[in-house]
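What follows is a single structure, and I will ask about it in a moment.
Think of it as A, B, C, D, E and F in the order they're written, each chain with its own count starting at 1.
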Amino acid sequence: MTGGNPDLARTLASLSTSLAADALRKHGADRLVMRGVAPLYPVAGAVAGPARTLRFLPSRQDIAAPHGGSVRMRLIDAVTPGDVLVFDAMRNTGGPVFGDMVALAARRNGAVAAVTDGMMRDVAGIAEVGLPVFGAGVCPAPGPTAAMPWESDVPIQCGGVLVLPGDWILADAEAVMVIPGALLPVVVEQSAAATQEEVFCRKLIERGHSLAEVFPLPAALRPLYERYLRDGQLPSEAEVRDRA
Amino acid sequence: MTGGNPDLARTLASLSTSLAADALRKHGADRLVMRGVAPLYPVAGAVAGPARTLRFLPSRQDIAAPHGGSVRMRLIDAVTPGDVLVFDAMRNTGGPVFGDMVALAARRNGAVAAVTDGMMRDVAGIAEVGLPVFGAGVCPAPGPTAAMPWESDVPIQCGGVLVLPGDWILADAEAVMVIPGALLPVVVEQSAAATQEEVFCRKLIERGHSLAEVFPLPAALRPLYERYLRDGQLPSEAEVRDRA
Amino acid sequence: MTGGNPDLARTLASLSTSLAADALRKHGADRLVMRGVAPLYPVAGAVAGPARTLRFLPSRQDIAAPHGGSVRMRLIDAVTPGDVLVFDAMRNTGGPVFGDMVALAARRNGAVAAVTDGMMRDVAGIAEVGLPVFGAGVCPAPGPTAAMPWESDVPIQCGGVLVLPGDWILADAEAVMVIPGALLPVVVEQSAAATQEEVFCRKLIERGHSLAEVFPLPAALRPLYERYLRDGQLPSEAEVRDRA
Amino acid sequence: MTGGNPDLARTLASLSTSLAADALRKHGADRLVMRGVAPLYPVAGAVAGPARTLRFLPSRQDIAAPHGGSVRMRLIDAVTPGDVLVFDAMRNTGGPVFGDMVALAARRNGAVAAVTDGMMRDVAGIAEVGLPVFGAGVCPAPGPTAAMPWESDVPIQCGGVLVLPGDWILADAEAVMVIPGALLPVVVEQSAAATQEEVFCRKLIERGHSLAEVFPLPAALRPLYERYLRDGQLPSEAEVRDRA
Amino acid sequence: MTGGNPDLARTLASLSTSLAADALRKHGADRLVMRGVAPLYPVAGAVAGPARTLRFLPSRQDIAAPHGGSVRMRLIDAVTPGDVLVFDAMRNTGGPVFGDMVALAARRNGAVAAVTDGMMRDVAGIAEVGLPVFGAGVCPAPGPTAAMPWESDVPIQCGGVLVLPGDWILADAEAVMVIPGALLPVVVEQSAAATQEEVFCRKLIERGHSLAEVFPLPAALRPLYERYLRDGQLPSEAEVRDRA
Amino acid sequence: MTGGNPDLARTLASLSTSLAADALRKHGADRLVMRGVAPLYPVAGAVAGPARTLRFLPSRQDIAAPHGGSVRMRLIDAVTPGDVLVFDAMRNTGGPVFGDMVALAARRNGAVAAVTDGMMRDVAGIAEVGLPVFGAGVCPAPGPTAAMPWESDVPIQCGGVLVLPGDWILADAEAVMVIPGALLPVVVEQSAAATQEEVFCRKLIERGHSLAEVFPLPAALRPLYERYLRDGQLPSEAEVRDRA
């Protein structure tokens, strides 16, 4: 349950959630994009890493938080480099579940992002720490209906998506999504292929071809695309038009 | 973790959620009323019983539900007379988590109500079965974003309230709320007292006194109220006005 | 600022909010229907009366409610027969602003309805009292974000509509609306006329005419309608068809 | 594009949207249940019929409604017995698109229901007419942002579902859904089978079997179920338990 | 149905939606500002052009999109310089209707903006292309409830506003609105006048006059304003105060 | 009711709403953070000042705004340096209550911010003026359901919080909140102390201590923290670990 795969993290982070979602859909997996979770300060590119999960439950005046409320702190102290923190706040927007001090410790331990379907506080302070954060919004202080950390590294929901400890998380300006471990190779491979295909189409469009001719890439153009993959040369306008 | 206290259930069910909430607030407990949970067909009076909890998590194409999805069925089969089923559907309204066949089995085993912050189906059929149900709404079939039963008799949230297995649930036309075990005696006692006090005030209002004179019961009238408790006789108009 | 016009109240209550809203629109008044305000238990027909207004403001731990919180009680005690209570709860759904004891006193004093864009409690008890109530919903007890009564018989908003003390309120199963005093005669007269015209059209439709022929009543049929108003006789099918 | 199949309508109306939705899901069709559309007064059982569609567009001060605004009236006049009116109001809740006079004419012409994802008015009047109606809510009069009827018997959306003229509509207390023509036989047949299977399971549950033993019907019990279909005799308790 | 009026586009784009909305309201046109449509990445100034419309309908498993789903692509290929794409996504937020490849082709063909009341994807890619886009939000991939392009260059709604092919669209950081063709000269002229008047008032405020004295410009100051229009000279403080 | 305390304003503006909210909660005041109110263009740091309040009510065709609608303008003209304008727009998002010309006059008179739970217009123009503004959103022009200024310097609600004239307002990128006058010294003092304590903890975390050891600051470390306050020297790692 530790991060520890910097190459994979780098590769995934070179993709976008759009490309990854496309690849996953082709394998019948379309329940992986969180709803109501967005970057809380502008983020450049994407971040990726395995999920360290934390489940919150509503607080109640007669029930003490487990372990004196220290479950969250212990999880942060157990973060290993590359981890992505994922907090199930039950979509509660009544108070923050993450702030700048906790972000500092998480960052120091190597966390690459923190994600929640609840609120965060002191996002200016978090931005100084430099930890990318994704959430439902920002509020300065717990309101009267707060949440308490309940258990860590267990299956949770976040933004309506099932997250298991160790699932990979991919997050960019557009979305936060889960990538099931078994589908990681597929996502990496297909997304890379899709990127190349998009570059090819883009060049043809920029040169003046219509969408009808070149996008989505028609079967008739696939041999020309494969030639381009081999030798890097765009087909001529005539070649494309002959086959469209 | 079984029902088994019919006297207590009857006593609680003679109260209303309004009275119980008042009593609990006086003891500093005000996070116990579920949000977004209402009767799905008209219910007469109140029902009460200990909670049998069930936690749902979002389904995902690559993850099988635990125990072949049988967690819900097993919980229903383990219901004992007097139990209230409480399902944490994560406020997901994409598909039902309870229907008429399951209601039939629950009812046969003695369940007195079923509660969820998600959807139910076939409520006409449930009404025939005669099991009072409380939920976020009704929909005929799972949409594409469904939930799967994950574990039973564990701490959950429902409608934004923490519910522990064995907590008592009180539900009426107005609300569904949790009554912590330790506060059960207090709620019963204070609610009964409040009911009597309300009856006393009501009679005075009906006889023509103003709210300013008699409601909420002023300290000066308390001796007259206590006399009424002893001998059942309303004070005279003059007695009330003299002290107002 | 007292009710005191039972004839007018009866006449208005024989209309519907649909008819009144139509009449008011013809006079350029279309901002009079409250949003998010509905009957809290089934109501038969319509009720009407002059508004007694009450303004709430959010409570705050460091600010005491004016007059020891007694503004609401004093207003209830000052109700005169025929009044409609209208409470500006600022669309706050965090806690109730009206309950059964207050309803009892209001009813005894002659109130004909209570309206708010907030919550009420103990609606079963209110229904027993027999006071028609219209609101945003029902909840058993004040949550942590409550409201306090601030001042009475002042201009307020309710459900997004301006309500001045003494404005008439018309409420039925469909809506709650304000009828400005100056437009009362117009509403009464036009609604009555519209009702008669609808009856005329309805009879023609029931006899088999198409909507295109008879609804909304075409100018060419107006002489036949006026004849009907005089002698109560429906035109023959041929008469209608000749003019359509 | 006319109703005209009373047998099919009766058969469908003996089902429920729950059963139909189950049958359709088994054929990969799960985008057929409208969102935000519910009965506007209590409806007994289900209604079914082919869709007569009407598309609204937002009104604008500089654009006249087509055909002098008569598109809706003409559609009503063209209703044939058994039709279900379906109005695409673009989820606009600013004003009603259907009322009691129009309902009267529709009913007289044989319409069996009217459905919209917008508002209706004078629902008390509609209830008197006896036409079952399903919509997003009730409001007495057009607000300032009204809609105008644009074209009829064309493809529309309603409640987020594609509706083609002639698609069958099934509506009950629980939901309004579309049944594509090609799937009508499948729905009828499978729903009937499902009903029988549910009756069988229900009887076993009522006799004391657990859900684990009998619901959803396990493959091992299928021969007993088939025997029951042939001879109407429930298997003995021992027979069921032997195979569970 | 082509763009082709660069002068008008430039003039309109020098205005703001605030000024244009003011001018249109003076002519009784106040249903022209889209709701729930905002820039998806920061946009400098305003863009304007004639609308090329596209209507989406909900997809359904049993219905193929018209023309093999190519309606959107064909519209993009038919874009002429200056056009603004406007997509009626029925406020569906379940999946994107516009992305970076399509944006590239649209931009190359001369589109100046794309507008929808639905979602877009790959907005980072769209920003690189440089096409200003306005929508309801961003999501990486179609969810299970997608939309299909149905027909182009037809009347649609977008954000609750009627848009006819050829209507002009004005969009800035604040809003997206429709400007009916017949009102284009009025908007241009009045907005220009309003701008000058605001500049005049602003200078007086900056010099120290109160709002009561100078804004909105009182009739008594109009001669001084007209003199300023002729000779560019601000009236003296004394001149203004004498007339206030 | 004038600003006039630049030192206090500067001190408060050096804090954050997070710190202030923490300090206030410790004194039992947790209903002070507005809901649905956010900066309308990016704001650096915090602003603070005493509230000048303005109450809006819904407009109605038959009721003229008080004083010819000039209440807002008069309030702006009465602004004194340091004031924060707070407008109760009743959460109405149908039209703007503040724009660039009014912002210019407010700024010139020394206002330091404007806050509303409604909409503003011409925020680009407001940003040029340089007045920080906080609101529910931006829209270019009044829609059909507008609001009118009713009275100024009276108790109001804004974003669900009670605001009295003269209450201090603290606003930053994260939130807008009220600071009751009586609690100003407490907030200033405790927030300053909390800042220092956070700096101490932060340094320890950066040096490698776990959250469990140092945050929230355990009682055992308090003597070391107090020594640090006196002499500015961090305790050694060993000193900290010995006491953890």
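We take it that a residue touches a chain if its C-beta (ideal position, glycine included) is under 8 Å from a C-beta of that chain, and two chains touch if they have at least 3 such contacts.
The model shown is predicted, which means the values in this text are computed figures rather than measured ones.
Asks: Quick one: which chain's Cα centre is the longest way from chain C's?
Replies: So the farthest one, by centre of C-alpha atoms, is A.
Asks: Which chain's mean C-alpha position is the greatest distance from chain F's?
Replies: Computed centres place D farthest from chain F.
Asks: Roughly how far is chain A from chain B, centre to centre by C-alpha average, rounded to an integer in Å?
Replies: The computed centroid separation for chain A versus chain B comes out at 39 Å.
Asks: Counting only Cα atoms for the centres, state how far chain D is from chain F in Å.
Replies: 51
Asks: For chain B and chain D, what's the span in angstrom between their mean Cα positions?
Replies: 33
Asks: By the touch rule stated above, which residues of chain A touch at least two different other chains?
Replies: Expected reply: 30-31, 143-145.
Asks: Which residues of chain D touch chain C in their complex?
Replies: Residues of chain D touching chain C: 70, 73-74, 76-77, 99, 101-102, 104-105, 108, 121-125, 138-144.
Asks: Could you list, by residue number, the parts of chain A that touch chain E in their complex?
Replies: Those residues of chain A that touch chain E are 16-18, 20-22, 24-25, 30-31, 33, 172-175, 177, 198, 201-202, 205-206, 208, 210-212, 215.
Asks: Considering the complex alone, what residue numbers of chain E touch chain D?
Replies: That would be residues 28-32, 57-63, 90-92, 144-145, 150, 155-157, 160-162, 164, 178, 180, 182-183 of chain E.
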